[in-house]
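Pasting the structures in now, so scroll down.
Shared between the two complexes below is subunit A, which pairs with subunit B and subunit C, respectively.
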Partner chain A sequence: MTVGLVLDLVLVTAVLVSAGLALFVPGRVASVMMFLVFGLVLAVVWARLGAPDVALAEAAIAAGVTGALLLDAVTERPRRGPDRRVGPRWLMPLLGAVAGAGLVVLLGAAALQAGPVEPGTGLGPTVLDRTDDSGVSHPVTAVLLAFRAYDTLLEVAVLTLAVVVVLSLHRDGRLETVPAPGAASPVPDALVRLAVPVIVLGAGWLLVAGSSRPGGAFQAGALLAGALILLRLGGIRLAVPTGRWLRPAVLVGLAAFLTLGYVTVALGQGWLVLAEPWQGTVILLLEAVLTVSIGACLAVLFVAGRRPAAGTGRGEEP
Partner chain B sequence: MSDLLAALVLVPLGAAVVTALLPARAAGRVGLVVALALGAGSVLLALEVGSSGVLEAALGDWSIPLGIGLRADGLSALMVLLTGVVGAFVSVYASGSAAARGGALFWPVWLVLWAGLNAVYLAADLFNTYVALELVGLGAVGLVALGGPAALAAALRYLFVAVLGSLAYLLGVGLVYAETATLDIATAGQRLEGGVVMVTALSLMTVGMALKTALFPLHAWLPPAHSGAPAAVSPLLSALVVKASFYVVVRLWFGLPGADGAMAVATLVGVLGAVGVVWAAVVALRQTHLKRMVAYSTVAQVGYLFLLLPLAVPGLAAPAGAAEADAARLAWSGVAALVVAHGLAKSAMFMSAGTLARAHGSDRLDDLHGAVTRMPAVAMTFALSGVCLAGLPPTLAFVGKWQLVQAALAAGQWWWVPVLLVGGLLTFAYTAAGLRAMFDEPQRADELVELRPVARRMVVAPLVLAVLAVALGLRSVELLALVEVGSVLGSLP
Partner chain C sequence: MILDVLTGLLLVAGCAFFAVGTLGLLRFPDLRTRLHALTKADNLGLGLVVLALVPQAGSVAEAAKLLLIWALALVAAATSSHLLGRDAPEEQT
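For the complex of A and B:
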């Protein structure tokens, strides 16, 4: 038995155990903690599978940002009453178990039969062949911002839409009434001073590195959001825009991406067609704007999840 | 002309950004102008596809399968056209009152939803369809949430359903990609050979989409979400949003080859649709609130659409006889007619219900007494759209149901015929129940609630759509010729 196989077995076990614990451990905070652990183990699994980009995204967004949002949700809000129960006590667990087992059998059978695609027939070799034509040298970035830029544009729209929808639950679609931690900041000042520059530097590195190695706007944006939230918790209210600059900050990424499309079509090249020799520069600039916007979006989501000060907003639960 | 395809997605997205940045009044004006322009653009697309055939485009000039393709055949063009026409009329309706919109952010969210709908209809790529579905789902949830604190619980439940449906679809996409190494629907269709993987993938994706389309018994989320939404949102959800996920079902079943188990899955789906037609109509009859009744009607009408699968799948199998192929063709154009008819009639019905609720301060049937004399045009819109839904000649739904009946007989599946007839009768029954409440005169004059004024466009816009749903029955030939453009059924014997 090689070391690699042992490591794989440990990882697989850890993924299953942490997933199970996240579902069944009593207490919501413990449950969210296990979800965080699950996300981190999953990130290691991705790295082990040779997908460092996915690993970074998993660690930054799936574990980091989602974990922070979940933790904030379960610690701030009191638990609601028991859920409405349909039928006898054992019915729902039984149905769930049957459906789950059925899905596992079906998917297992399909996964054993499916592919694997013969080497050389997948999209991978094509992507590697054409990466040089895209203006960037990292294939994942080439897929995200050149070959399948339209998908990425729509995904940016999904994130922006999520923030707009959350804002619509607040009065006038603004967040000025959400209280920020004041003098009694939960984060030590020294930590903020130390951590924020390091995080911002890391975000910048991920952004610039994305054109030649793993990294990119989404991962950098998640890091930036972390820095902004830390600053706000550290008492600097202006770190996360809540008033006049709120919507421009949230929308600038989508607006820039769309403008790129409009310009290319106005120049007669067709939607999102980037030509030599500018394409690499344009992609890097676009990624920089996206990083700022994604960072703002995620930080705003975190702030908007908090209740507005009493009697000032529509954010109360039904 | 192929630049028009991406424009139908990226123009509403840009307009959404603009309306989110502008103050409320200016956003309303921009929103309305863009909505009318999009309506015109979708008519243009339908004319172009109708006259010169399938339109295709590869974004960023990256060839398929490396890049993402857009494709508009007849069915895509028809769906974009339905979205454009209904969307433009509902936008006019929405501009009539702030309460009907539910909040200042109505315009950006609705325009993103519109972009998402067009993106679903024009996608030629399995993963791109997933992203577009996310836009549609999140946009629809956001519009429901505009209904205020009372609608938040329904919106949250809708969010869970939408995400669950998307994930089931994505699992299926993963399996198809593992099998074919491509995300392009046409290429995947050529490379797939059926078998366990195909049936699993198709089943997963169908379940996910059926959840979003509210196929019985996966429908429980729909009535609270559609009836709790603001007046201008409910017609968008019922007429357009449920159609997007149904469209994906059609694309998958007609674009990817069937396998041995496919007919069993199709029959099961058809049976569930048939049960939904009857069951939801009976529940609609028992409702005490008008908007809830109309929402249950949507669950019932969606059931008809799923009859397409059992009627068409035998015709798609490799050695199809002439009878099966005929049945598939009839079912295809019949269901297309029903999709359009329901889109027009249900949006008219929900808009008229919203106008009545706005004027009377409630949509409780008992509060609507005397509406027929006090708001005759609105009551007539409700009645007309009910007639269209029930499928009386000469409406468009009659054309659709007639073709489905013929398809059932041609396929030797006579048992769907009574479902179509009983469903029509029940549709009459609940429309009549709603109308009866409007005809009832209260015993004492002081029981009449004082009417609040409503903008004229909130009366006229639904009336025009209802008249259109009747009149299109007379011009259905052109409409149904459009869905044949680029259809896989063209190559059948």
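For the complex of A and C:
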């Protein structure tokens, strides 16, 4: 048994155990903590599988930003709302079990249908052959923004749509009624001052590095969102756009992506088909805009999860 | 060779601190004593592991990034345990 195999077995066990604990450990905060541990272990698994891009995304989005959202949800919200149980007691568990079983069957069938991919077949070699044509030298970025840009466009659209839906739950459609935390006490304030520049530097690095090595807009955007959330919690109210700049910041990524699509059509190249010699520059610029917009979207999701001030929001008691 | 031995010694020492910190977390009675065990042992443990990896780093930049990770972990751990210790209600033990 080699060292690598032992490490893999430990990792697989840790993933399964942390997933099970996240579901079944008593207490909401403890579940959230186990979910974060699960995300971190999963990131290590992705890194072990040689997929550093996915590992970065998992660590930054699933363990980082989702962690902030979940922790905020379990600490800021009451344990349970008014009892809105529909139907008899066994109905909801039964529906959940049926839906879960259906998902397992569907996903299992899809996985069986896909079958194992022999090394050296599939789309991998094609992508590696064509990466040089895409204007970037990192194959994952080439797939995301050159070969399958349409998929990435839809991902950005899904995120934007989610933010729009969340904003629609606030009476003013903006976030001006959500109270901002006051100035932080000295110790967290020092953390914000120390950490935010490093995080922003890291986000910029991930963005630029994305064209030649692991990194990219989603990872950089998640880091940026973390920095914005830290700033807001540190008492800098304007860090997360609310009010006038909210909608432009949320929409600019999707708008830029769509504009790029229309421009490429108008130039006669085809939908989102980029050509020499500008493609590398265009991809980097688009990723820069996407980073800002994704960062703003994720940070806005965090702020929108907080309660509006009493009397101005949805009419709830504080 | 000497560097490898150094790495091994530092790794063992770091893991020992992690083990002691975890033991303290499990055995100590209340939040503040647990924080005491966790912060000191984990910061030292991580620091020793990082120091163990520095001789194995391929370049100065790589070594500097490892040290930066340690520094960020120190700052974050100090802040979070300060907040936990400050805001926790007094516990009767």
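Things worth noting here:
The rule is simple: the second predicted complex is superposed on the first by the 274 of 318 C-alpha atoms of A that agree within 3 Å, B and C clash if a C-alpha of one lies under 4 Å from a C-alpha of the other, contacts with A are read in each partner's own complex, and residues count from 1 in each chain.
Criterion: a contact is a pair of C-beta atoms (placed from the backbone, for glycine too) under 8 Å apart; a residue touches a chain by one contact, two chains touch by 3 or more.
Bear in mind the structure is a predicted one, so any value in this text is a computation, not a measurement.
In the three-chain model built by superposing on subunit A, subunit B fits alongside subunit C with no clash. Applying the stated contact rule after C-alpha superposition, one finds that A:148 touches subunit B and leaves subunit C untouched.
Using the contact criterion defined above for the overlaid structures, shared-chain residue A:97 touches neither subunit B nor subunit C, since it reaches no partner.
In the superposed model, A:130 lies in contact with subunit B only, and not with subunit C. By the touch criterion defined above, A:73 reaches neither subunit B nor subunit C. By the touch criterion stated above, A:198 is placed in contact with subunit C alone, subunit B being left untouched. In the overlay built on the shared chain, the residue A:188 is in contact with subunit C alone; subunit B does not reach it. In the superposed model, A:29 lies in contact with neither subunit B nor subunit C. Between the Cα centres of subunit B and subunit C, as seen from that of subunit A, there is an angle of 150°, stated in steps of 10. Contacts of A:285 after superposition on the shared chain: neither subunit B nor subunit C is touched. Here subunit B and subunit C sit at a least CA-CA distance of 33 Å once the structures share a frame through chain A. Interface residues of subunit B facing subunit A in the complex, by the touch rule stated above, are 3, 6-7, 9-10, 13-14, 17, 20-21, 57, 59-62, 65-68, 103-105, 108-109, 112, 115-116, 119, 127-128, 131-132, 134-135, 138-139, 141-142, 145-146, 148-150, 152-153, 171, 175, 178-182, 195-197, 200-201, 203. By the touch criterion given at the top, residues 106-107, 109-111, 113-117, 121-123, 126-127, 130, 146-151, 153-155, 157-158, 161-162, 164-165, 167-169, 172-173, 247-248, 251, 254-255, 258, 261-262, 265, 269-274, 314, 316-318 of subunit A touch subunit B in their complex. Within the complex formed with subunit A, the subunit C residues making contact are 68, 72, 75-76, 78-79, 82-83. Residues of subunit A touching subunit C in their complex: 187-188, 190-191, 194-195, 198.
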